[in-house]
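The same chain A turns up in both complexes below, where it pairs with chain B and then with chain C.
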Partner chain A sequence: MTDTTMTPTEGAIPILSIDGLNVDFRTRGGVVHAVRGLGFDVHRGEMVGVVGESGSGKSVTAFNIMGILDSAGQVTGGKVMFRGLDLINAPESALRQIRGREASMIFQNPRVALNPIRTVGDQIEDVLRRHTTILRRDMKQAAIAALDAVRIRDPEDRYNAYPFELSGGMCQRVMIALALACDPDLLIADEPTTGLDVTTQKTIMDLIQDLGRERNLATVLITHDLGLASRYCQRLVVMQSGEVVESAATMTLFTAPRHPYTQKLIRATPRLDSRLADLTGEARAAGSVSAERATTSAEPLLSVRNLVKEFDSGASTGWFARLRGKGTDATPFRAVDGISLDVMAGESVGLVGESGCGKSTTSSIVTRLLDPTEGQVLFDGQDLALIPAAGFALRPERKQIQMVFQDPTESLNPRFTARRCIADPLLRLAGMSDAAAREERVVELADMVGLPVDLLGRFPHQLSGGQKARVGIARAISVSPRLLILDEPTSALDVSVQAIVLNLLADLREKLGMSYLFVSHDLNVVRLLCSRVIVMQAGRIVEEGPASEILSNPRDPYTRALIDAVPHLDMDAANRLAKAEEPA
Partner chain B sequence: MANRSTLALIGGRVLQAIPSIAGVIIVTFVLTRALPGDPAVYFAGPAADAASIEQVRQALGLDRTLPEQFLIYLGDLARGDLGQSISTGRPVVEELLRRMPASMELTLLALLFSLSVSLPLGILAATRPNSWIDHLCRVIVTAGVSLPVFFTGLFLVYIFYFILGIAPSPLGRIDIFYLDPPKITGFFTIDALLDGDLDTFGAALSQLVLPAITLGLFTLAPLARMTRGAMLAVLSSDYIRTARASGLSRSTVLYTYALRNAMLPILTTLGMVFSFMLGSNVLVEKVFAWPGIGSFAIEALIVSDYAAVQGFVLAMAFLYVALNLIIDILYTMVDPRIGLEG
Partner chain C sequence: MKAFLKHLRYVLTENPVTLVAGSMFLMLILLGLFGPWIVPYDPLASSPAALQPPSAQHWFGTDQLGRDVFSRVIVATRLDLTIAIVAVALSFVAGSVFGSIAGFYGGWADRIVGRVTDTIMAFPLFVLAMGIVAALGNTVENIVYATAIINFPFYARVARAEVNVRRGAGFVQAARLAGNSDLRLLATQIYPNVLPPMMVQVSLNMGWAILNAAGLSFIGLGVRPPTPEWGIMVAEGATYIVSGEWWLALFPGLALMLAVFCFNLLGDGLRDLIDPRQRT
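Entry: the complex of A and B
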């Protein structure tokens, strides 16, 4: 076989072939056509990206290939051929033989995708026992070999670990080990890096790519992230509301996108050199960064000095553990380790780092939801750290600092209408007891954030993600704060919605002259909104400076790794990939 | 999981049980002293005059200060002396030891019955939602909680004893024509088996069946409902999807992956149901003339037999603590994550 050089050329037989697939879901609201007329092929040795925003039907497609669609979903037409076998009409017993042995799947949120009360080794052995004829006494060795294959250090020790004892990235490695233990030919990766840090994302994706090449796997990468797909996939299938809108080689797709939706998606995905206005394709009056220079004053609005936050190191501090002398390692954990930063009036500053770097702790302290262990939070010259967080909500300063939260769904009261969500701070903080005046202000705010007024009577679950984000922003700016803390405000949103929300935030700052502290893991997104960026690692600031400078010329190795790991639309990488795949 | 850490954990749990036991001892002591009425008057009898009542008071140590009385009480407890029951005239400890096995035997068999019905029922209902078995589960659960125990008890007696005549007369632990088996564990069925006496075993078991089913029907409802709910939640979880995507067999997915995870809430319910059954099966004991601990306590309470009530409360408290300990230990065996939080 000339497998190693095989490319998706005409004539080669695809290992997986989907043709005219239709999947319907029976719901209370009637039948939903989740997938309509879907078709694409996958060959051995290639990675195909299925890209689309939430609700595009990409995960349904993956579950359908594996035959693990839940009972509400029904295939109403089309074919899924895997090595000549029709998977849709195959009996469950035959499918069970294929799953895990010839076609495997890895999922998002690896920490919950593994059985929490079974050791990693046992879970791999379950699969081996099911699909191979390995003898009982060799089983453990085979499981350890599988762990070793995904480059887990000390696989013998990890063999006895439970998923909760491992990090998210490690769990995903175990998932991959589980999926590849029986040497399948097809691997479906459903958002394999969602919920992982960017640097972990890179190592996991590199691992999937390497293993795919080593074993000549056919890989289907399902993702919402066009940047990620462009980096690793030879071919892309773009889906929108259950249909394939475009399917082409990665390079072709980027250089000459034919479908308007693809064009919109490519535009909305931040690149290294894109500006905010580029994301939506709408003309903006002025570049946000230059406008910011005009409004920024030399006076710091917020000035954080030597901030320290310590947490008890949890587990072994019970009285019994202390009694047995096990609590000796109870040195408190320093989440924030003496950082100082300034935010000028009218400036927006980005605070960037991976999970656990202390950026959220810092923003919680600045928002006065958490008390610092040491240090000052000077707001307009007044040290807010002296006011306990518990009583801060009753202080007039509460109005000055507001927050936009990460998850627009979780951060809205499900029993409040959009109107009440926005009006609540007006009533409680601004003391607007006149209902008519309040309503007038709510309508004004809705107008400001671009929320149609007729949606104000709806509950959060009746709104889309973007609309919920708008409600959250309107709520935060309702009391005219001077400082707005944005805690990953777009990380739960689709890229096209993210583009709109980022533009909205830039507009609002120009109009209202607020200062922003933008907390995010994504340097690329932060750069779009912020002129200055602060990079945090392990509770300390490692680098600080103008956004453009940091991105183009990072001094700290950690910053460099972070920039390198963030997937963005990178033509050069796609180009290299295309070249590398060409037969010699 | 290392065995040493498990042992340490169990040791910790035992230590944590000490405060609750101390609390129970203090509360029972204070409670019996706070109750209206003068025990000395009761003990002295209806014909006693002031002098003899005072004599009894001194004999009982009731003329001393409360702390002194408490120390004496603790000393008695340490010697295993719970005092005399005035209604039966025998030591309370003896009464409890005689009646506890009867209650335990009934409760355990009832639990066995209800588990063997509710677990499969709950699992089947969860794997086939909205099928006939799911509806059956719902009907049984509703019937189980809505029919009072004395009704199901009398109904079963009426059908199986009075109409069909296949059940023995509902009068106590063993038919009057049989002798009690030699006392080893106090469980008639087990003692009879140990003795090798199959006839007595059969007689004891046939007496047990109806009350056990009556009691079991009542406890079946929460267990079946919890099993169904827990299984449904677990079956829709991500790791079950992973197990299915790995092509594991149906039984592995269902039992090794789903049921073991669903066991945690089921265990909690089991603990609650068990302690509930032990203390409040008075009605079943009354209907079947079962010489259990529940009916003993009720009778003692009616005649103001405070020593007996106090003994009953103490015994139940110890049992609850022991039960919680066992449930905790089972928990740590099922769920490796508990060790970290404990």
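Entry: the complex of A and C
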């Protein structure tokens, strides 16, 4: 199954070898086979990517290697050999020796994985104390050295920092420092960059790669992002519902994917040059680009002027400061710092930036869920900023601006069925009090977004991520808004689902003539749907222009960094990686 | 309705504890409803056969006035349950309303509700209940009010905390976009999601309310003899334990214990019943 001829370390004994692994979970609905017949090898000095969508069993695999599987999970067959030791039948005491010292793991969410009430230095010392013979007086020095190794600036200061004082990227560095403190031979990184910004993602992944090379580590990268895996891994294992569907060297996998699932996954991952139609492999109605040109008029539907939003910085507005009359001294934090933008009727504009750049605040103000501190929100010539957000829900203008939320799970009321979710705006905004007419419209909407009508009676937890996204979109378009704000509508979805949802959004815009304001951190995705892109940084607009122009020729250094950081599925990078590995 | 019954059956069969608690609860309700008609003796009628130990005629024996203890224990179910249910319902409604408003609007509403609950919690609750009954007058209604007042903070706090975390949730924002006013949002979108933890609180509180009512009558407040009530019966029977007539206090005490036990066990089942996420 494994294409061993492609590995650079052919003939060497693998440090980790998994063969025919089966893992079952006992649940209320019966036994679930989470992993079936999994097998792959990892050698020293290489990075192997385990790629798959949610529920494919990739995290279960990682937990299994480390022997920290949930008690409901059970290994029912196969072997996990780590340097000749059978990890599945090894006693807990032996595993405890291996964990941290010889095999380490980096978790998905660094903030959750770090103990919030202990300093970073203490947590590193814990690991050192357990697994090394470093003397107590040298411990602090060793911990600082570990922080220094992951390129944390001022490690002496950071030694005393608590996790909440550090940024997400910084926390992940600390996690890596923890994982590598005892010089392990095997590092398992389980989605190490989920929830981090793209530029942070790049620095973290570069760090893992560099450290891996320096220390001749065997690394297993578990990820859902094929682009990321292609950039850093020599070999890839593609998993689907618990089974390995394909396993090959990165180059081979991309140039000649054999399994249909791999092909679908590669197609669905947006590249620099891909178009929407490429993602699903289906032919879309021709002339969509020209149609877009035709429907875009010169009249701005929405124009935002000098928008400012300040938040209290909180720090010195406590009762003590207020008591001393110093509350007013605190300079409020400017989340949005005087931005102006236009969205033409029928146009689709992308608003791109990293977390904290103010893009979500801007979209909340435009949606009128939040009041701006200053500035105008002109919608069809009328200044909506004059209407307080608190009373906007009951205004007739509410119908015109709707939003698709980031997290389809969180944005659906767990106690409402899909039908009731979609019908709610119809009842409140469109005033459709006739149940039969409402039902007819709900069915029509479900049909429009491709949601099977028999799923309408289900609760959100009974729907898949893609189906929930469809419910969210159906709800947003139910009252035929003229402006639809898309707040990272695909960031919580798997790539194959993302491809379908993006296509759906493009189709709907064509059909209904809405304007889109697409808020996202992913330039690659924005480019697919938007003709014009606005790049934001620290509350300001740094660059604005046609999507193709910005991507091919960014003027601002920040935009360039952003574009570079997005891991593309590009053959050149994989090629370079393969070449670099050859002499080794 | 059909789906609900199916779910009810699922919840009951999945967890044997819930099944046991559910059947006990059903039995208590039936005894409360039909108790006076099924008992073998008049609970108030005295007879010459005083202080008889349990026998075939008198299952739980007779008391100092020759009244049948079994009949009195059964008949008392209605009064004790009524006091507990009405008191819990009152504090549940008041706590939900004020707690939700405090959690949703924050600011002054939150501060006022917060300080009121803090003030109530600052007293030893049973002593506070005694004080309220003593001040308002020694009647059954006032026992209900006193029990409701001392239970109010628990509901207000749970409702406040649960509403507060959901205030900014995505589905709430979405509902706002759908044109729901704040009040409607709170009532139809947020509050139903707060129900599962509130139901657990209800079931725990119910047992506590029964104990509280019995406790008040034990010390002579509220219900007065000769009304059959578990608390009074334990109080009256207590004096006879030393002389060996243990059945006077034991059986009403046992009834009290079973009722409290039943409500405490019911919590998880109630939550599962009310949470749609448990339906698969």
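By definition in this document, the second predicted complex is superposed on the first by the 561 of 584 C-alpha atoms of A that agree within 3 Å, B and C clash if a C-alpha of one lies under 4 Å from a C-alpha of the other, contacts with A are read in each partner's own complex, and residues count from 1 in each chain.
Definition applied: a contact is a pair of C-beta atoms (placed from the backbone, for glycine too) under 8 Å apart; a residue touches a chain by one contact, two chains touch by 3 or more.
Because the structure is a prediction, the values reported are computed rather than measured.
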Checklist entry - Clash or fit: what happens to chain B and chain C when chain A is overlaid? => result fit
Item to check | chain C, chain A and chain B - angle at the middle CA centre, rounded to the nearest 10 degrees | outcome: 30
Next on the checklist: Contacts for A:Gln402 in the overlay, against chain B (first) and chain C (second): which applies, first, second, both or neither?
Outcome noted: second
Next on the checklist: A:Leu394 in the overlay: touching chain B, chain C, both, or neither? Say first, second, both or neither.
Outcome noted: second
Next on the checklist: If we overlay the two complexes on their shared chain A, which of chain B and chain C does A:Ser411 touch? Say first, second, both or neither.
Outcome noted: second
Next on the checklist: Touch test for A:Leu178: chain B only (first), chain C only (second), both, or neither?
Outcome noted: first
Checklist entry - Of the partners chain B and chain C, which touch A:Asp126 in the superposed model: first, second, both, neither? => result first
Checklist entry - Rounded to the nearest angstrom, what is the minimum C-alpha distance from chain B to chain C in the superposition? => result 5
Checklist entry - Which residues would you name on chain A as touching chain B in one complex and chain C in the other? => result none
Next on the checklist: Residue numbers of chain A touching chain C in their complex, please.
Outcome noted: 28-29, 367, 369, 390, 393-394, 398-399, 401-403, 405-407, 410-416, 424-425, 428-429, 459, 461-462, 472, 475-476
Checklist entry - Tell me, which parts of chain B touch chain A in their complex? => result 8, 12, 15-16, 236-239, 241-250, 252, 256-257, 260-261, 334-337, 340-342
Item to check | Touching residues on chain A, where the partner in the complex is chain B | outcome: 66, 68, 70, 95-101, 104-105, 107, 109, 112-118, 126-127, 130-131, 162, 164, 175, 178-179, 315, 318, 320, 324
Checklist entry - Tell me, which parts of chain C touch chain A in their complex? => result 169-171, 173-182, 184, 189, 192-193, 276-277, 279-280
